[in-house]
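What follows is one structure encoded as structure tokens, with my remarks underneath.
Chains: A, B, C and D, in written order; residue numbering restarts at 1 for each.
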Amino acid sequence: MVDELTRRRILSTALLARRFENRVAQLCLTGEIPANLHLGAGQELAQCAALAALRPDDPMLYGHRGTAYWIARDLPLETILCDMAYREGGTNRGKGGVMHVVDPARGILGESGSLGGNFVIGAGVAYAEQRLGSGRVCIVFFGDGSANRGQFHEAANYAAVARLPLILLCENNGWGMSVPASVSTAVADIADRAAGYDMPGIVVDGADIDAVFGAVAAAANRARAGDGPSLIEAKVTRLRGHWLGDRESYRRHPPIGGDGPGAAAGAGAGSDGAALADPLDQIDPALREELERGFDERIEAAVAAMRSRPVVGVHTARESVFVP
Amino acid sequence: MTEISHQTPDETRIVKYAHAIREAIVGEMKRDRNVVMFGEDVGPMGGVWGVSRGMGEFIGDQLFDTPISENLVVGMAIGMAMRGLRPIAELQYCDFVFSAGQEVFLNCATWRYAHDGRVDLPLVVRMASGGGGFGPEHSQCTEAYLMHTPGVRVVVPSTPADAKGLVTAAIRSDDPVFVFEHKRLYGTSGPVPEGEHVTAFGRAVVRRAGSRLTIVAWQDMLRRSLAAAEILAAQGIEVEIIDPVTLNPFDLEALLRSVKKTGACLVVEEAPRTLGVGAEIGALLMEHAFGWLDRPLRRLAIPDVPVPTAEHLVDSLVPSVDDIVATAGEMCR
Amino acid sequence: MVDELTRRRILSTALLARRFENRVAQLCLTGEIPANLHLGAGQELAQCAALAALRPDDPMLYGHRGTAYWIARDLPLETILCDMAYREGGTNRGKGGVMHVVDPARGILGESGSLGGNFVIGAGVAYAEQRLGSGRVCIVFFGDGSANRGQFHEAANYAAVARLPLILLCENNGWGMSVPASVSTAVADIADRAAGYDMPGIVVDGADIDAVFGAVAAAANRARAGDGPSLIEAKVTRLRGHWLGDRESYRRHPPIGGDGPGAAAGAGAGSDGAALADPLDQIDPALREELERGFDERIEAAVAAMRSRPVVGVHTARESVFVP
Amino acid sequence: MTEISHQTPDETRIVKYAHAIREAIVGEMKRDRNVVMFGEDVGPMGGVWGVSRGMGEFIGDQLFDTPISENLVVGMAIGMAMRGLRPIAELQYCDFVFSAGQEVFLNCATWRYAHDGRVDLPLVVRMASGGGGFGPEHSQCTEAYLMHTPGVRVVVPSTPADAKGLVTAAIRSDDPVFVFEHKRLYGTSGPVPEGEHVTAFGRAVVRRAGSRLTIVAWQDMLRRSLAAAEILAAQGIEVEIIDPVTLNPFDLEALLRSVKKTGACLVVEEAPRTLGVGAEIGALLMEHAFGWLDRPLRRLAIPDVPVPTAEHLVDSLVPSVDDIVATAGEMCR
């Protein structure tokens, strides 16, 4: 069981990420920010609970879904916005945008834009932590669709052989862009693959903070003790389509609209046409109100700060290819 | 932006590039049930670029989604091609030739040769190239890598008509053909012949005739070059613009014909300068046109950096209409 | 249980492959043939039993170990020798050598020189057979080491999703070149990975003809019935090192010499220093003698035929890149 | 075959190329425990090319075998490099850059850039290139592919001394460096400085001075060019031979200096002609040496076919000493 303080932190981070994302979606719709975010709505609790179970500097290779990964590591909202808006004050000055937010001191190592890269790179990170005796654990977040890349296999096998301190955290939302898992993936549970690497494979409900936290904490203990990697699969819901603006016409039933920025940003309907359950709705309204207090001000302050920053100059495009 | 002039002036049906590709695929699928297309999100969603949108009738039979498994996507095409099918594999971005690197550069390129022609690989790999806003791993123009690879054909349609004609020809080809579809062209329109339309490989097209300078460009750089040519014409400088249409085979004769006339050549491309296609054109001109060239080759290309994400950064790196006007102007001074 | 006729055919093919390989090794040692064969000694029974359970035109992507795959498909010895010797009369006229023997009519489709290619290409072949309704099954032979390539994963997953008529036949000899499976592979049984793709995974003793034949026959029935792929793992022994001439100095104990061409060709010692058991030794000597009758004459005739053929002309090097 | 003349004439210790590479690795491993090397069969076996033979003392700590998982091998190097190690990954054949295509061409090349230099990748990928008898997927010289890829360094040592010096420099470099080790050179010998020896990137070396023609060649083609130069000298033709040493960075100044003197250039390389390194050299010469060139560039390379398996077929495709003599002779007639 997650202690109360931690639970509040997880909920608060997830709520902030959601509210922030909604604001980002608005900024995208007005054209102020380029609309290339993959919305994290529905998956924040799992992401935040997992990171809460790790140390603040445990290295991570994050997934492409949402902003909670960075918020959970206390990266200022302003910084994230500046990356999204290609402004000074972000982490990658227009070169990487929202795909390549980076801050090594916070364990945010960046992302492979081509899916699969994070697995093998994460194995290398874990190898380094092990060899340097840092006591750190590397976590790789990935979607169920990405688990079908060959790199998953190469990394999982070697991580197990070398007992690397690696946590493979699958956010299984049942979709790879427009393709349902049933069409792309031979097993319902990605965790079933763990047996093929002699590592633990655990399925948890991604909306269940205790379950996610517990599984990741156990995996981290195991990894720090030198007992090797774990595969954890959190079943999550992709509430609002693949990208901002995805109307999910590929779902069998027509999407059902909602209200608020989320509705504009995506469809929010299950493949059976039913509205999808939002894990954040389980939070007690009073607690939610309390936790969300001040969020809008923080977000608006970040937006204002972002707006005050200049767009990155074109000279940056020619920098950073090689170490000077 | 200037539209690329059409090849068939009597043709009046105006169609989008993406649609023209679809017409080619649908036409060939109807003609031959062994033509099958697959890739990530090509089914109900119609592909990230919308090329297979509205092709629902083929889903399940000749059109299907794959897992996110690029090695598999290209590898399957190879296996299917060996056994009598005519597969069309879609990679969402042409950067992903490296995600299936072994299958593309080693297997596709060498299987027929290593097995002395006893196995043909009539396969097509379709891919989206170039553009801005997608980041370093989703924005490249990787045609030079393929052009350095014996055993694969490389096709770069610039007009909707060529898109239809080249994709049709690619599907009918018994060799592995890599089709680069430029992201900035999917939404462009132009005249496209109705019904069957096949564009031959290896025949460059003079997109604009002129006497002062030969510009070689394709796809988005061709559009920019044509726009630049208008501006240059207003300044009294008539440039000739050659669209190679296919890079393998490459129509050297057409290039030489033009350069013999103009005496100079500018290559404009959306790829890193070093060992971009322009390098080969430069070397070929040295070898074959040394006597006729009165000015050195110039290359406009991306300086040797990856493609950034921000569009304004991309714009600062990719040759612009202004860059072309300036360079061509200098060359004709 | 394999019927008597089939058993004799399997044994006879395996014995012929061994005897042929020994002769090839001699020709290599005298320099008449370039020495780039990976010796199949120890694995022939598994290879021949597997192929005996399939139809003669079922497509196969063979492994790099030995010549039994082709002999089992009645490819003339002379043809194989000509490929090895880069002479006319082979299948690839010096372009592919022993790595790329090919004869589509016999289901011999060639080989990916880069490991892993056969998996995904095999999936495509199986897809084609399924779609064309040919009733054929594709078999991919591969080593335990190759099972750590990402393509294994991508192909296994999709084959299971699409219920492709594919048999993944792992020849687990415990080695990938110099690297023992314990150092490279997280599981002792590659077949354990089948669960991750919801396909049957069967381990058999590669020296047990009935077991191998039975498993492949069942997998083929399954595949032909539209029930999808299977993973079969045959435990085999690599008797003579990775390549011809491999003295296996990387094994913990010094290699123990034997006699005959095999000894010259490789070490033939287990990692514990004990001599390895040769599965062909289980054959009743009288039966073996009977089956081997005439082998030497056949082999010598093939050698003579090979010698009578001209080395391929250099013009062939410029042919077959594209369809003319 | 003529041995490549050494850079340090006072040095008399004669060492093999493979051994020189090992010296570099061992030296750096002793100097810095964060230097680790891994790959398939590099441990107890010492690598397919014997480079790590006799390095048993490092096994388990700084030297280890990996599974047959090329994506992992390069991907791990990236992750390790991010976190303070200095990894050296060995790929058995340089064709296998495509087996780890995504990691090599997308991740290695763009990670630092996409993340604005906040993460460095001090990694080395060592690979064997060229040669004959290994077949189409194990014999290529893939340096042009890497040279077209901004973000990675490309190193082509031709002498044992350079092998030691460049591998040392590669390990110390904070950028991803791809080291091409030529199969036909592993067994060649030459003088190699004892102890620490670092060869700077980006400085071409004049391997033979001459006035009539500049030949650019590296590795086995350099050896063949040097042998050809002897024959040409006997005919009274003195050619200058330039070894680029590294292809990225490329020493343009050295090339121009030589061509300014000789007025002509021949590139000899062991890769497909189209978009081989020679293409870039041709284009560069057009751009920078147009006025000085009195004869067109010539390229000797593999015609655009894959590398076959049979050695005599390979020999018929790869530029030979005779080819070089003939072409250089023609150019100097």
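In this text, a residue touches a chain if its C-beta (ideal position, glycine included) is under 8 Å from a C-beta of that chain, and two chains touch if they have at least 3 such contacts.
In this text, all values refer to a predicted model and were calculated from it rather than measured experimentally.
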{"item": "Between B-C and A-B, the pair with more C-beta contacts", "value": "B-C"}
{"item": "Chain at maximum distance from subunit D, centres defined as averaged CA atoms", "value": "A"}
{"item": "Mean-CA-position distance for subunit D and subunit C (Å)", "value": "35"}
{"item": "Subunit B and subunit D: spacing of chain centres that average the CA atoms, whole Å", "value": "31"}
{"item": "Distance from the mean Cα position of subunit C to that of subunit B, given in whole angstrom", "value": "41"}
{"item": "Numbers and ranges of subunit B residues touching at least 2 other chains", "value": "66-67, 69, 71, 95-96, 98-99, 102, 106, 110, 113-114, 135-137, 150-151, 304-306, 308-309"}
{"item": "Multi-chain contact residues (two or more partners), subunit C", "value": "92, 95-96, 99-100, 112-114, 116, 148-151, 154, 157-158, 161, 183-185, 316, 321"}
{"item": "Interface residues, subunit A side, partner subunit D - complex", "value": "59, 91-93, 95-96, 99-100, 102-104, 109-110, 112-114, 116-117, 119-129, 131-132, 138, 150-151, 154-155, 157-158, 161, 316, 319-323"}
{"item": "Complex interface listing, subunit B residues touching subunit A", "value": "40-41, 43-45, 48, 65-71, 95-96, 98-99, 133-138, 303-306, 308-314, 316-317"}
{"item": "Subunit A residues touching subunit B - in the complex, by the definition given at the top", "value": "34, 36, 86, 92, 94-97, 99-100, 112-116, 145-146, 148-150, 176-179, 183-185, 249-250, 311-312, 314, 316-318, 321"}
{"item": "Subunit D residues touching subunit B - in the complex, by the definition given at the top", "value": "70, 95-102, 104-106, 109-110, 113-114, 135-137, 144-145, 147-151, 248, 250, 271-272, 274-283, 285-287, 290, 295-299, 304-306, 308-309"}
{"item": "Residues of subunit C defined as touching subunit A within the complex", "value": "116, 148-154, 156-158, 160-161, 183-187, 192-199"}
